[in-house]
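Shared between the two complexes below is chain A, which has chain B as its partner in the first and chain C in the second.
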Partner chain A sequence: MMNQLHGLEQSLPASPLHWKRFRAHFAIVILLLLLPVFVKSIYVIDLLIVCNVWAVFLSSWDLLTGYTGQISFGHSLFIGGGAYTAGFLSFYLHVPFWITIPLGGCVAAILGFGLGLPALRLKGPYLALATFAASAVLHGLSAVFWLYSGGEDGLYGVGPLTRNYFVKYYWSVALMVVCSGFLLFLVNSQYGLILKSIREDESGAEASGINVTKYKLLTFIMSGFLAGVAGAFYGHAQMHVGTDLLSLNLSIMVVLMSVAGGMGTIIGPIVAGYLLILLNEWLRVIEVVRVLIYSFSVVLILLFIPRGIVPTIISIAETLISKIKSPSRS
Partner chain B sequence: MDVFLQAESLSKSFGGLHAVSELDFAVDQGEIVGTIGPNGAGKTTLFNLLTGFLQPTTGEATFKGESIIGKKPNQIVDLGISRTFQIVRPFSNMTVLENIMVPLQSPKNRRVNKNRMENQRRAAVLLEQVGLADKMLLLAADLSHGDLKRLEVARSLAATPDLLLLDEPFSGLATKEIAALSDLIKSLNDDGLTIIIIEHKLRELMKLVKRVITLNFGVKIADGTPEDIARNEAVIEAYLGKGGERFVTS
Partner chain C sequence: MVTFLEILVYGAVQSSVYAMLAVGFSLIFGVAGVVNLAHTAFYMVGAYLIYTLFSLSGLNLIFSLVVSVVLTGIVGILVQHLCIRPLIKSEYSVMIITVALAMFFQEVLLSTFGPVDRNLTNFYDATYKLFGMVTIDAQRLLTLIVAIIIIICLWLFIKRTKFGRAIQAVAQDREGSVFMGINPNRVYLQVMFISACLAAIAGAFIAPTLGARPHMWEHPLVRVFICVVLGGLGSFEGTILAAIIIGFTEVVVAFSLSAYLGELVAVAIILFVLCVRPTGLMGRRAA
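Let's turn to the complex of A and B:
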């Protein structure tokens, strides 16, 4: 076979999992680890904890929709499912968080499997509606069983992760790094090629010998697990689980932020999550027009950089680098 | 030669429409067979039945002695049947190389090799075989129609088939491209690959195949050598028109 390559060996791309491709990612992680050295405000640290958890919400959605093409408008099903599982176990049974968080992920994974079954038959907007309806069911159940779920108020008094904000921050960084690191590894492996082929053309993937049913279900399960773990972590971090974690609003925010960041990149939705959550908070100083400016910013992003923030920045950077390297061509 | 692929009373109806009706045929290992007929004759439906994209209403089909009825497309690929589509179905936002690496992830291929770099090498060899090696890092979306047709052939070959089904491989190709693809198909068959081709470009097809099955309204109306088919009254009436011999004279 090597003889047949006729020098093509040099043209073959390096493995996408080579560590050099992740230098920027490592730099971001180091920055996140060093932040508490410079930032002493508990308010800002608390905000960054929210950003870190949202990074997992968004990247888990990106695996499902950005990579595999399974349009989900019901990610709150997984987030809320994980959060309420942890909430119930902690509030009623005083189970420690190191058990409730993985269990929250497992329940969300089961919900993912359940939601994945209709996805085998439904596509595009029909699947989006089915996922939306499924998340509404859980929201409805929390209202029906309000005596146990706390209704609209939710459950206050979920066991804390820790009383120390800085320790909580580092745990949230660990959660984000482990989850998004796993996702980056997954999508850059050969498994990622399979997911992308399903997104591009299911029939083409099947004709290539890919068991589309299996991979779709696995993706729903993995996406559900990660979102559920993050939801459970969030419940403990806030010491509260409420219906906001089951709401359509949450699902829509997940979709909006991920699209704004750049679908099918993992890192794009994470970056957009940080930017938009921080923007939303900073705009509180002008509360009257906060929602207006925030919404307008999202519309501008979707309108002018439909590929998303990160792919556009990468594209501009690559163009600039190529121009610097070969100025004579321009 | 062993009977490789066999269909017995294979039928497929869509409501009142009989797309394929009581079809019987067999293909031996190493054969290269053409399938012709007017539009709507049931040719692509036949391919869909043989590859699991459709399930027959009645009838049986076996490949290497094993029934393929009720099996999913990926299971049939695992058995050794691979196909191309009439309308190309590339993974548009993936590179040409990645397109070929997808079938290398099938269970059949993963039993042989799981290493990414080795898979890249295998994909590159296949791309060189179809003349796309210099475009392997381009997105499939940026390829011309002719290149996409070649990409589909390479992708179906990457599934390491024993039987290759080609659905109108020459459609939309220029004369030179048809000649190059014909040479490739011929060499694959010479290497022992069994091939069935649906094609409307009859001159090119008749030069390539040793046997032609003709369908009309889902029914097999003829099965024979290109010369026999060109002279067959039923085929002339249904599809070729008068002077059918012109398709087999060089």
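Let's turn to the complex of A and C:
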């Protein structure tokens, strides 16, 4: 399940900011920036905003679980924590979004620290349970204080980011690019190497003089912060925060989509975010079986290409290219 | 006094459902090391099968009970054989694929029956007065009695029969049991069958009280997981003790404060236990 570095990364220089390594990423960003020029449909733009936010949800989960190996079934704790913080501030105090979104991230980072502390001692099923339980706490609290949180309905009328769809789209692209760029930079630096070593062999990492406690906690905090920012952004973009942002279903979808995209690659979950959300929408024609097909295909992906879609496609493409380039050698 | 007795009776019913679910979950974990997050999905499948057979088609009660429990058991075997066995080496992969399967079952039921709550006919319509004060309907009482019988039978089965000893042997030492002529993979399948059947029984008996809906697996999953960890993963007695603790706590809190807080208290207990004693009340040290 845990991926090795794939060939592309090994064949290129080790510097984390070598531009050749990120050619494809730059191309994608430019494509995203130019998209509104060609696509005028507000429906599609709205969908892409959701995709951008989901890409941050998934890649921040990947930092925690794919890279550091701390399995989390409670990502909705961070997402919902950030979203509800922003929701409360905006709904009751009318705080502008450029304050609430970072604050949402900070609250989620604190939640990440709070979850990280017990998680230091836990492994495997125990850690899974702790994350499950922690996200249930927030969901439970929103039900207990329904008078303030709006209960199942949530809060309608969270302050909008902007009335213009295209401006909103660019905000979401900016969020996605900054967050995933930060994550990609992080995992390609020495920090990422340390996280991987914790994932592969925790006692080995500790024996090599790595302060495992510090790095684990930092990862929980960063993952929480990014997810919280994205959650707060999502709340403002939809002008609504509801219990679906705190639900177990959301946490599970985050896990499944990231695994389908390819754990421990950052770019895999991001691509999965776009692919699967768009797939979801196209399958809307056959509404009844939409999520059915989708969850079944996730099971198949887990069974037959456990590395995930994106790493598999990359490695197939690489074999093809190398065969075309040197037919005699193969 | 009345409240006290009510808590006693309703707490016992709640605990019995959790115990039936948690014992199955704990069994497959203890024997095969499989954290089956699709366990409560079997509970849901059992509830929907009994709804289809008994309430919709109006078949004989005993017949529909047997069919729905056995069918769920077969679903369990298929899940174990096709999905869990290839991934059994990696704990995380098993957790992820079982949670994916749970979503899959949810979606199958959602597309077949729709998102609405389904009400089931009671197996037997009557209300009793226990101790002359506490009113309880026959369905809840039946659930409690069946759960007690099933758990005692299971305990005898595991501790007393040759077959049960084989299960214990695999749980204690997989390689050693192979030398004794036991096929662990077959034992895993059998245990998964039993575990899925238990979940289906719990689902079938509680469904007339709670109703059946496609999200019903989420609520007990966290609770059952809590019972199993609190009792110590893989410990039969500990799991039942934990189910009783959690069941009663929830009912006490629900009676005295609010139904939502019951959930929170259960979660608070487990977060505390995980911090203080991660192996649970009666668990052995994790390797």
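Heads up, the rule we're going with is that the second predicted complex is superposed on the first by the 315 of 330 C-alpha atoms of A that agree within 3 Å, B and C clash if a C-alpha of one lies under 4 Å from a C-alpha of the other, contacts with A are read in each partner's own complex, and residues count from 1 in each chain.
The criterion applied here is as follows: contacts are C-beta pairs under 8 Å (C-beta built on N, C-alpha and C of every residue); 3 or more make two chains touch, one makes a residue touch a chain.
Keep in mind the model is a prediction, meaning the values are calculated, not measured.
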item	value
Chain B versus chain C as contact partner of A:143, first or second or both or neither	second
Touching partner for A:212 - first (chain B), second (chain C), both, neither	first
Touched partner set for A:195, first chain B, second chain C, both or neither	neither
Touching partner for A:303 - first (chain B), second (chain C), both, neither	second
Residues of chain A contacting chain B in one complex and chain C in the other	1
Touching residues (chain side chain A, partner chain C) in the complex	1, 71, 73, 118, 121-126, 128-130, 132-134, 136-137, 140-141, 143-144, 247-249, 252-253, 255-256, 259, 288-289, 291-292, 295-296, 298-299, 302-303, 306
Interfacial residue positions of chain B with respect to chain A in the complex	51-53, 72-74, 77-78, 82-83, 85, 89-94, 97-98, 101-103, 105-109, 114, 116-117, 119-122, 124-125, 128, 133, 136-137, 155-156, 158-159
Chain B-facing residues of chain A, complex	1-2, 4-6, 8-9, 11-13, 15, 189-191, 193-194, 196-197, 200-201, 203-213
Chain A-facing residues of chain C, complex	29, 35, 82-83, 86-87, 90-93, 95-97, 99-104, 107-108, 110-111, 215, 218, 221-222, 225-226, 229, 233, 258, 260-261, 263-264, 267-268, 270-271, 274-275, 278, 286
